[in-house]
Amino acid sequence: MSAEPILEVKGLKTYFDINGGVLSKKVGEVKAVDGISFSMQEGEILGIVGESGCGKSTTGKSILRLIEPTAGEVRFNGEDIMQLSSENVRKLRRDMQIIFQDPYASLNPRHTVGKIIGEPLLVHGIGSKTERKQKVKELLETVGLRSEHAKRYPHQFSGGQRQRIGIARALAVNPKLIICDEPVSALDVSVQSQILNLMEKLKKEFKLTYLFIAHDLSVVKHISDRVGVMYLGKMVELANKDLLYDEPKHPYTKALMSAVPVPDPDIKQERVILQGDVPSPSNPPSGCAFHTRCPSCMDVCKTDVPIWQEVAPNHQVACHLYNETTKEENVI
Amino acid sequence: MEQAVLQLKNLQTTFQSGRREIPAVDGVSLHINKGEVVGIVGESGCGKSVTSLSIMRLIPSPPGKINSGEIVFKGEDLTKASPKRMKQVRGKEISMIFQEPMTSLNPLFTIGNQLVEAIRNHNKVSKKEAEKKAIDLVKLVGIPRAEELIHNYPHQLSGGMRQRIMIAMAMSCDPEVLIADEPTTALDVTIQAQILDLMKSLNQSKGTAILLITHDLGVVADICNRVIVMYAGQIVEEGTVRMILKDPKHPYTQGLIRSLPKLTEREQELYSIPGTVPQPGSIEVGCRFAERCEYAFDACFTENPPLFELEESRACRCLLYREEEESVS
Amino acid sequence: MLAYAIRRILLLIPVLIGMTIVTFSIIWLIPGNPAQTILGEQATPEAIAELEEQLGLNNPFWVQYGDYIGSLVTGDLGVSMRTNNEILTEVWPYLAATMELTLFAMIFALIVGVNAGIISAWKQNSIFDYTCMVIALVGVSMPVFWLALMEQWIFAQELGWLPTVGRNNARDPIEAITHFYVLDTLIQGNFEQTITALRHLVLPMIALGTIPMAIIARMTRSSMLEVLRSDYIRTVQAKGSGQLIVIYKHALKNAAIPVLTVIGLQTGALLGGAILTETIFSWPGIGRYIYEGISYRDYPVIQSGILIVATIFIFINLLVDLLYSAIDPRIKYD
Amino acid sequence: ACGGEDTGGDDNGNGNNGTGDNGNGTEEATEGGTLIFSRGGDSQGLDPGAVTDGESSRVTKQVYETLIEFDEDSFELKPGLALDWTPSEDGLSYVFNLREGVTFHDGTPFNAEAVKTNFERWGDPDHEFGFRDEGYSYSVYGSLFGVGEDHVIDEVNVISDYEVEFILNQPLGAFLQNLGASYFAMISPAALEEYGADIDENPVGTGPFKFESWQRDSQIQLVKNEDYWDEGLPYLDGVTFTIIPDNTARMSALLSGDIDLMDGLSPDDMSQVEGAEGYSVFERPPNNFGYLGFNTEVEPFDDPLVRQAFNHIIDKEALITAVYGGQATPAKNPVPEDYLGHNDAVEEYEYNPERAQELLDEAGLGDGFEFDLWTMPVARPYMPNPRRAAELIQAELSEFNIEANIVEKEWAVYLEEIELGYHDVFMLGWSGVNGDPDYFLGTLMHTDGIPGSNQTFYSNEEVDGILDEAKRTVDPDERAALYEQAQALIHDDAPMVPLVHSIPILAGSDAINGYVPHPSTSESLKHVSLEN
Amino acid sequence: MESRPIATPPHRPPPNTDLKVRSPWRESLSSLLQNRLAVIGGIILFIFIVMAILAPYLTPYTIDKTDPSIRLLPPSGDHWMGTDDLGRDVFTRVAHGARISLLIGLFAISGALLVGTTLGLIAGFYGRWIDMIISRVFDVLLAFPSILLAIAIVAILGPSLENALIAIAIINVPIFGRIVRSKVISLRSEEFVLAAKAQGMKNGRILFHHILPNSLAPIIVQGTLGFGIAIIEAAALGFLGMGATSPTPEWGRMLADSRGFIQNAYWTVLFPGLSIMLVVLGFNMVGDGLRDALDPKMKNK
């Protein structure tokens, strides 16, 4: 843990403008990502979970500057990506890749698989034409497809196979970090496990680092080393996975854990059923964003934003329950 | 055996594709008892939705049609029912909710209007009364501010709320059977927990039998009494929740359960079933799972395995159990 | 709703300004000397020069454009060079004639088109469906002017069932009040003349309405089919509502949205097509007004005529948009 | 009937006022009924002096009257609002005796003051009723009586209530003939005062019909003038002019009984009308001239040989058959037949391809060439289908390897640009208004007409001299001789291919009695009656 | 797991060896060929194209040779569609008219397509003020009923075939522009475009390798349908005397010129009009077929 982190995110914020009103002026903003900080070591898998719309994808895309963040710092190997020119960001993308959720939408339907996988090589000027062809074949075999598949088009493949193509494409330029934006949530269970296994295998083989986004807690738990939980644009808890799953601290994490149905008739866990729905990120509640649904909500939660702090080794939480200072201040 | 409210006998539903008729559901037989919650699980495209739509006789036609088989509802074969009779059955005796709460309500009418329509389809009540009933129903599914809410349009509601409205609509005439086609797939886990809770309580308080379609074994474990596993248009295994989850017989079910990442245990590598689900209609002879099965032997590719009854309310479509079957019978 | 309407109207302003620039520069760019046209082929050059001077045709572009906008703002559409009359007052009979014709054509197109579309979608792949759709396909491929000529030939000239041209019978002219003749005759209680007016409307109405009818029929059918496949229709069926409720309450209202767009756009086609239909049927409408304006180089008439038509067109589309938001509750909040 | 009128006048008036000539039986003329007259386009305005188009004069002719009228079917003069007129010896002054007891439709009397007002209105650029600021212009007045320095009418003097004197500053051969033109009709001065520039939509004259209403591009309604000075006339209760732009559509409206009388029958439809029970065709005597003009200033048309060759190439008979449906006579002079000074002795260039080839060879163009043939975009009485005519001519020329590129411009642009000489060869024509040859020759062939009405840019000093002299000559015979001489010269120079004098045809129901088409395109309908 | 006897080496059927490369275009083509109406439309178009190409060789007549002695003859063995008022063979002219109409359609649509697509791509891809300006210009152009705008443009440029063509091209520009723009905007947020960006591709490459090929389907459909519309518009202009000049046998022009003979010689009006209708019908049928064949909704899922 002493090594330089490969990726360091500090106070990342991405807001989307809401236009409206008579003259289509900006009338508000969606705080899709609202001040997230974390860091990743090389070779680590950091999982991020959270409910739909909590800003997981936006975080992933903002790190790659596929969406321009509003504020914050993203250091990749010590270099602040936010300060780079767009040309340099383009070059940096050799080292950082992304795999998308939807295997149907993320492949250009008009390109052959060979072209899809070979294109990143081409744009980064890697290898000659024949070398690239060879590399495409290798990559296809690496992800469990056959080299003849290079001539086919995406629509001739099943969802799982397409996701393999997406992975091969991401691998093509030998990246160091891959952001996986829900790579398995569109897949059936039986196929999902194939992909998860493949990803794990590749990670070892290529010494990759994954930022693994998912909403399925069991998947995240299976694959990650550390897990962060997001709620409404904010990270509420981040810890080693065992720590997090065994001793969740944030009330939201607790509720989330208990809500996951377990396919075992013998385990009848106590459910914490949350009331109401996730509030809109365009109009987040004051104070702690979770206070509207929180079973252990205090007065302070309604007014003060909890700070992000380490409450145990390798265990960070943003919750007033664990904040002695705020508590004390409030008492005074 | 308890009395079955709904029984499918050898149902086959096909879709016309070019000149070919492709069976999406191929000889499904099942039954649902009074007050029971039966789950159907299976991978995408295995025919779960087609089965449920067939029961409602809502298969889009053309290209689809119920080719053969019987759908016996309280002794009456619905495949032979007149459109008029089906109108009575739908919503009143059997109702249904769908996977996509976002698109399952007509965006141009208020919630109240759509609820009132459902109520007045089967009850001769005035608009006023129907509206009152609608408010009660909305309250029943646990939505506060029901009086206001019924004047809202669907787009003003969140997904979870819409799904509750769908449930309210389905429960409006106290149906005997509720078919829920992946009612929580599109929802978040915390919301899913709310909805499952609601369905459980409705099942308990009203005694409505529920046919729950899902691909999430966790959901099945949570709410169902009995489970039916489908694969490529056929039932491959049937049994109580415990039987299926704890002691799966069919290699597919086994693989399915083993391939799930588990929240509660630690594992190094996940099991995975090789290959992919076959296109419906692509396998004419042999076990449809044979190609992906690690236990497959020659007969699996040449014989169509029947559904072997293994014990009470337990069946499995696998040639591995042939002798057992023979010995049992 | 109101805010939405206001927003939509404000959004129209740049378009309206753009339109005035276009109409104005079109005229400015047109070659030919209006003075010459006014005076005709037997005019003397002196007279032409004199008239040019009077008409201010020698000023630079922006001065003329400024004058133009200045007077438009005060509601002054200019004076026709041909007739020396205020266009604002002069244009009404033409406009009314066109509006009456397009209105009837649109009603015809709507009634026939929407119903054919609904029935075709309902009875998809039936003989009725096939026949309707083949007719509609031919309909959208029909050149208006040829259809008009053929109609005139067959129904007026060969069979003599309907009048060949015009809006009324010259022997018993309709007294104009609003210049919507059908309305005028009704106001006056002269039902015989109403029949005359309607008889004159039939052929041009069909000629003009055929293309929109075909397009509406096709659009209604396809959007109906799409709606009928949607989840919420399945919900309606699942709760046991009858076919008629499914089709006319739930499906039609949803299918109406794309159809409305088509109607809005087709009004433009109607207004444009009017120039051809009106020429063939001697219908003294705005199309003829503009056409005559062009051949007489009547600058103000061309400018204002085109501007009026385009303005009507965009306001109809505005109306359609507002109608959407009346039908579709999701739009208000966008 | 129309008896009992004092046939005044001198050698010009022949006292033939409707009786006798037209055999349609004036005696049993039934009174009443409204005549529906349909034509192809609307009138531009109803101020006769300010318009040039036939569709306007067709209507103003019913509402207004001129001092001198033309005979029913020719340009012979006869009394109109003036009973008689006396020219001075030197041709520089004329005294007119006006008809008494005539009132305008607004009740004000017609008298010498009114005449003075009307003439000054046209002639004086600053006249209060000139409305020149409102875009009015009196272009026919200008071309017949001159403008500015060339203005011929020096003064109009009121001698007494019913006596008016015109003083000219130079003799004008066509003076009286000009006064017969429908353009110089008398408008009520009171109405000019009242309506101002709107007079062109509120005509107030002395004519047999009063203006009732005008719906632009639709119809004009006139009603009987009950106080018309010619006792017993008109027979009709009213006239409605309607518009049906297409000739065939108009004909079917006629045959279905929607209208009574139509102008511009397509010659190809004549057989239909003639075959139909109860309808007949009227021919209007030709009074026009359609031609193919050369730009004599551009190559190769500056060479008379080429121009003559064209004259031999074009087959007028074929043209007349194909485009005019036989309703035209081949032209050899600009001046229509029956006109004063029409030179019948000129020997027509006959259709003769061999001769044409010889001429072209001589001009060094035997192998052909290419040029632009400007074609009118609109139908005119002298050229009912210019495009078709151009296609025909184009096809004929192509036999000689001469490629004619047909150029079409919008009407206004066309007129403007041929005046500027942008063309090689163009098609145009001219219609008479006053029955005087000067109106054809002086305008079309005189150097003074450049740039302007002389679009062939033909300039021949000798011809100019003869035309100038003829214009000033008052004696008809002398003038005739001069014009004949000019035509012979023009014929040799061949600045144009005279194509045809077309015969416009009308069609009407047999219920119409007493309708006689006048060569000038407009005729009074006061003797017309409708049988019911 | 239960220990079940595992059979001797399972002889499985060979794995799915269907490696036939089926490009999306090929698939669209084959589904187009299965569409009966589209095939009929294609045949109609083929006939007219052949007629246009072979026009000079189909008959012994020329389009401009006049012969008043055989004017207005009804259809016969010599003159399949009769003769017109100048004695020209109507069939010959109709066949040559196919050339003109098809060429007008071709040039007008390619012009509009080129300009409209370029503007649409720029507007959709770069957004901001460029989009704002281009979109407003489109709005303004679309605010005029198209035929009226075409008439106005011809009035500026003067009546001729070329100018009619330019006018038709201009009125079609915003139609293509809008389609492309909205397609580009929707594609811009598609995951595969985002993926291309994430791979470090430059804008130009993304635009031309990813966005443009995927916008082609609606462009092709609109191009085909627009072809027919352009032919009607050209004919309308010709009919109003604002299009082709004599003796060009443009169909609309022929209609206008023969209008007066409809009662005496219906064939002079019937055949040119019928030709317009059939060609446009052909384009509409093929266009509809293409729409179905290329519709992304029908594929993939």
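Observations on the model:
Letters A, B, C, D and E mark the chains in the order given here, with residues in each chain numbered from 1 onward.
Here is the rule we go by: contacts are C-beta pairs under 8 Å (C-beta built on N, C-alpha and C of every residue); 3 or more make two chains touch, one makes a residue touch a chain.
Note that this is a predicted model, so its numbers are computed, not measured.
Shared contact partners of chain C and chain D are E. Listing every chain that touches chain A and chain C alike gives B, E. A centroid comparison over C-alpha atoms places D as the chain most distant from chain B. Rounded to whole angstrom units, the spacing between the C-alpha centres of chain A and chain B is 32. Centroids of chain A and chain D (each the mean of its C-alpha atoms) stand 90 Å apart. One inter-chain figure worth recording: chain A and chain E are separated by 46 Å, centre to centre, where each centre is the mean of the chain's CA atoms. Each chain gets a centre from the mean of its Cα atoms; for chain C and chain E, those two points are 25 Å apart.
Not a single residue position of chain A touches two or more of the other chains. Residues of chain D in contact with two or more other chains: 246, 248, 252, 410, 413. Among all residues of chain E, those that touch two or more other chains are 155, 158, 259, 262-263. Across the complex, chain C is touched by residues 34, 36, 38, 42, 44-45, 52-53, 132-135, 137-140, 142-143, 147-148, 197-198, 200-201, 215-219, 221, 240, 242-246, 248-250, 252-253, 256, 258-259, 378, 410-413, 415-416, 419, 428, 430, 443, 451-453 of chain D. Across the complex, chain C is touched by residues 37, 136-137, 139-141, 143-148, 151-153, 155-156, 158, 228, 232, 235-236, 239-240, 252, 255, 259, 262-263, 266, 269-270, 273, 276-278, 280-281, 283-285, 288 of chain E. Chain E makes touch with chain A in their complex at residues 19, 21-25, 27, 190-192, 194-202, 205, 209-210, 213-214, 296, 299-301. Interface of chain E with chain D (complex): residues 64-66, 68-69, 71-72, 85-87, 155, 158-160, 241, 245-247, 257, 259-264.
Only residues 14-15, 18-19, 21-23, 26, 29-31, 137-138, 140-146, 149-150, 152-153, 157-158, 268-269, 271-273, 275-276, 279, 290-291, 294, 302, 306, 309-310, 313-314 of chain C touch chain E when the two sit together in their complex.
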